[in-house]
Amino acid sequence: MNLLEIKGLKIHYITDSGVVRAVNGIDLEINRGETLGLVGETGAGKTTTALGIMCQVPDPPGKVVEGEIFFEGSNLLEKNAREIRKIRGSKISMIFQDPMTALNPVVTIGDQICEVIRLHQKTSHAESIKIACEMLELVGIPAERINEYPHQFSGGMKQRVVIAIALACKPSLLIADEPTTALDVTIQAQVLQMMDKLKKELGTSMLMITHDLGVVAEICDRVAIMYAGEIVEYGTLEAIFNNTAHPYTKGLFGSIPSLVLDVERLSPIDGLMPDPTQLPTGCSFAPRCNEKMSECEERKPELFQVSPGHFSKCIHHKNEMHKESRGC
Amino acid sequence: MKIVEKTTKLALNFNTKKTGQGYDVWMRFKKNRLALVGMFIVGLLLLMAVLAPVVAPYKFDLQDLLSTSQKPSLKHLFGTDNLGRDIFSRIVYGSRISLFVGFVAAAIGTLVGGALGSIAGYYGDKIDTIIMRAIDIMMAIPAMVLAIAICAALGPGLLNTMIAVGISTVPRYARVVRGAVLTVKEQEFIEASRACGGNDFHIILKHITPNCLAPIIVQASLGVADAILAAASMSFIGLGIQPPVPEWGAMLSAGRGYIRDNPHMVLFPGLAIMMTIYGLNLLGDGLRDALDPKLKR
Amino acid sequence: MSALLEVKNLKKYFKTPRGMLHAVDDVSFDLNSGKTLGVVGESGCGKSTLGRVLINLLEATDGEIFFEGNNVIGMKKKQIKDLRQYMQIIFQDPYSSLDPRMSVSEIIAEPLRIYEVCKSNDELKKRVQELMKIVGLTERLANAYPHELDGGRRQRIGIARALALNPKFIVCDEPVSALDVSIQAQILNLMQDLQKERGLTYLFITHNLSVVKHISDDIMVMYLGNMVEKCNTKALFKRNFHPYTKALLSAIPIPQIGIEKRRILLEGEISSPINPKPGCRFASRCIYAKERCNSEQPVLREILADHFVACHYVESINIL
């Protein structure tokens, strides 16, 4: 059984200017102990997906229109507020992008860690402090600093504290929403390495939301590429990086200046992401795609299997594959 | 005549200043029913002030000593006062005075406070300290007491009332504007303009002022209500506008002695003040929500 | 070829309640016409301050800046205004760098109006349209307001505004860090094309090493206000000598798998740029630090031809 299974999730924001289709029917699964990278650009619906899993979509204007989210076998969307609160923070935790605003500035970091522990576990005050100290040591902060306030820490250290809070109850799923984007590269390297180590030690599954394919290459086992609220490609790290199938994913790789090779000119994707209130009827990537056919603009493509465990949502590619197999 | 000029100018300002985002603002404003009610009330008042000679059945100082202290009737909608003057006509003409005082006092406050606030905010450092400490001293004195003191020094009268009320509101505007300028000043487009060769004057005029307009408009629209109330209070205690000018506060004061037998003599001016303030406050709140959606959510 | 820009011992200190903040401390370099110098460093290393001092948005505390042979420092207001035509800046944040109350055409026309370049309104309009075309904005956006546009288009407006006065030198302060990768590539291509067509000189400030490698001819690495290494881009990625440069380069996540990585993780806290102690500012995080590093500030030395490093022990750390 998978730890998390999302089926046909649709989340819409109902605003004055129309219905924003932020998440448009996605399927995802995360196995125990695995890290799934969710990659996409601004407005692709990554964060909304994460909020959906946490049952924290702001309502109004947000609304889960359709779909199921199975966590450890039970559907999260059918649970009531009390049951959800029990899961949130203890079994599923989330790390937000900006460590500067994620901590309460007037409470010591020790108290902030203890708060989560005592919300979910029946422990004495002394015991929770002991656990908090352990958590701090685990993320590489000396336990003596437990009584300090957030402003006494640097950005990277704050993100470590945030991670310590998220991991305090030993959750089985950790959702990390761009956890290192606000950090400098050298600090990012430290935090990433620490997260990788902790994940292995604690056996936590992780949903890593990022736009940085470099971070993905470093930390993820499987990757899902998201575009305009849909997952357009999905597969193992090797499959996505070495056997890229979808034109959008190819475009993403072409847009990144390489550190290894010398490229004179980048090959960006033309155009812009479609307006989420007026998505095209056919493939949502078709207007920017350089491999599109007339068919692409008419009907929605479905996920098809490129190789075992590697899926792509592209009509053109599917046709090509068919031709090849018939040719054989 | 002056009143008409003033009010149309203000209305124009509203329409032209934000053509770009004006549409958005209007869409948000339109959705707020109470704000529309406020706008309707204020519009009605403006119309009444402009068309006073047409609307009012009598002249405001026409005494009819044969029919004094009459109850409301068809002939005298709101009744007459102790000198036989038609209260409805006096209220209609009074709207001219009240709105005029309100707008002019708010304009004095906005201009003086706005200038002080923007200078303090833009230049910062010592200038900021000097101006803001002076403002702090003014703020330590209750606005009403300050207005009374100024009026007592200058003597009663229309002009002096406006100056007194206007000056007493300066600190509020100065603080609002300074805050707005401080946030706008930090934005990169100010630096960009400087990189394009813009000098301080250009930057304040072209970038800072338009971007600080929203809070100023909001403060001013709420300030008009406060100014009307302050002017009415001043007139009530006899420091403001002098009879026979039909000022609402003065009318209240004059009718005070007859409240037992002829309550309509204070009821209608009181209602007029209340409705005006209510309308302006609704309009101001609506404008605030429409101009700055972030504040609300 | 003479240098377009020559910077000598430039210093910029800020007064803070806790003491003097050394944002830029003793930086010298030359920049030739038509070239791009990349300035790399982490947040707070003074790279943005450097860019702003160069185009006179901030006043330098000490040092000299020669632009086409004339010293910019100590110039009168009038002269500086004349000079600004030739030095422009593109900002990081495409949201706060455009006045929300101005339409696209008004924003682009602003510098033209200030310098009274165009004689008539028609000419002004034509020039604005021309600029919009150059940066790839369609004409119908002329009356749009910035908040209606996405980050990429907004950044194009910023570029058009910077180009309006036909500058020779442009400071690019993280022009693509706020953009998505696919848009980032579009903007980078545009900037390269413009450089080729108009012989522009860029000072490209960024923390993104892959971007800086792509666009720069030379790279300068900064750490807490000091320049620690400077050389040709290709050379730097082949051989780098300063311990900080090494750590920085090894820290970048590479979007490729199967590449062997030797990561150098930095330990220790970043020392404060406020009233810095004598000695190397990187010493507290440097694995090679010795006593001398804490007492004496290393000077920038030419280790190889055109390759400058500021470290006492370059020779013993590296095999030259």
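Per-chain numbering from 1; labels A, B and C assigned in written order.
The criterion applied here is as follows: contacts are C-beta pairs under 8 Å (C-beta built on N, C-alpha and C of every residue); 3 or more make two chains touch, one makes a residue touch a chain.
From a predicted model like this one, the values you see are computed outputs, not experimental measurements.
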Problem - Target chain B, source chain A, minimum contact steps - result: 2
Handout entry: B-C or A-C - the one linked by more C-beta pairs in contact
Key = A-C
Completion exercise
Chain centres from averaged Cα atoms put chain B and chain C apart, in whole Å, by 50
Handout entry: Rounded Å distance, chain A centre to chain C centre (Cα mean)
Key = 32
Fill in the blank from the handout: In chain B, the residues touching two or more other chains are none
Handout entry: Of all residues in chain A, the ones touching two or more other chains
Key = none
Exercise for the section: Could you pull out which chain B residues touch chain C in their complex? Expected result: 18, 20-21, 187-189, 191-198, 202, 206-207, 210-211
Exercise for the section: Using the touch definition up top, name the residues of chain C that touch chain A in the complex. Expected result: 42-43, 150-152, 180-186, 188-189, 192, 207, 209-211, 213-215, 234, 237, 247-248, 250-259, 263, 265-266, 269-270
Practice task
Using the touch definition up top, name the residues of chain A that touch chain C in the complex.
Solution key: 41-42, 154-155, 184-190, 192-193, 211-218, 237-238, 241-242, 251-260, 262-263, 265-270, 272-273
Problem - Parts of chain C lying in touch with chain B, wherever the complex brings them together - result: 52, 55, 57, 81, 84-85, 87-89, 91-93, 96-103, 110-111, 114-115, 145, 147, 158, 161, 164-165
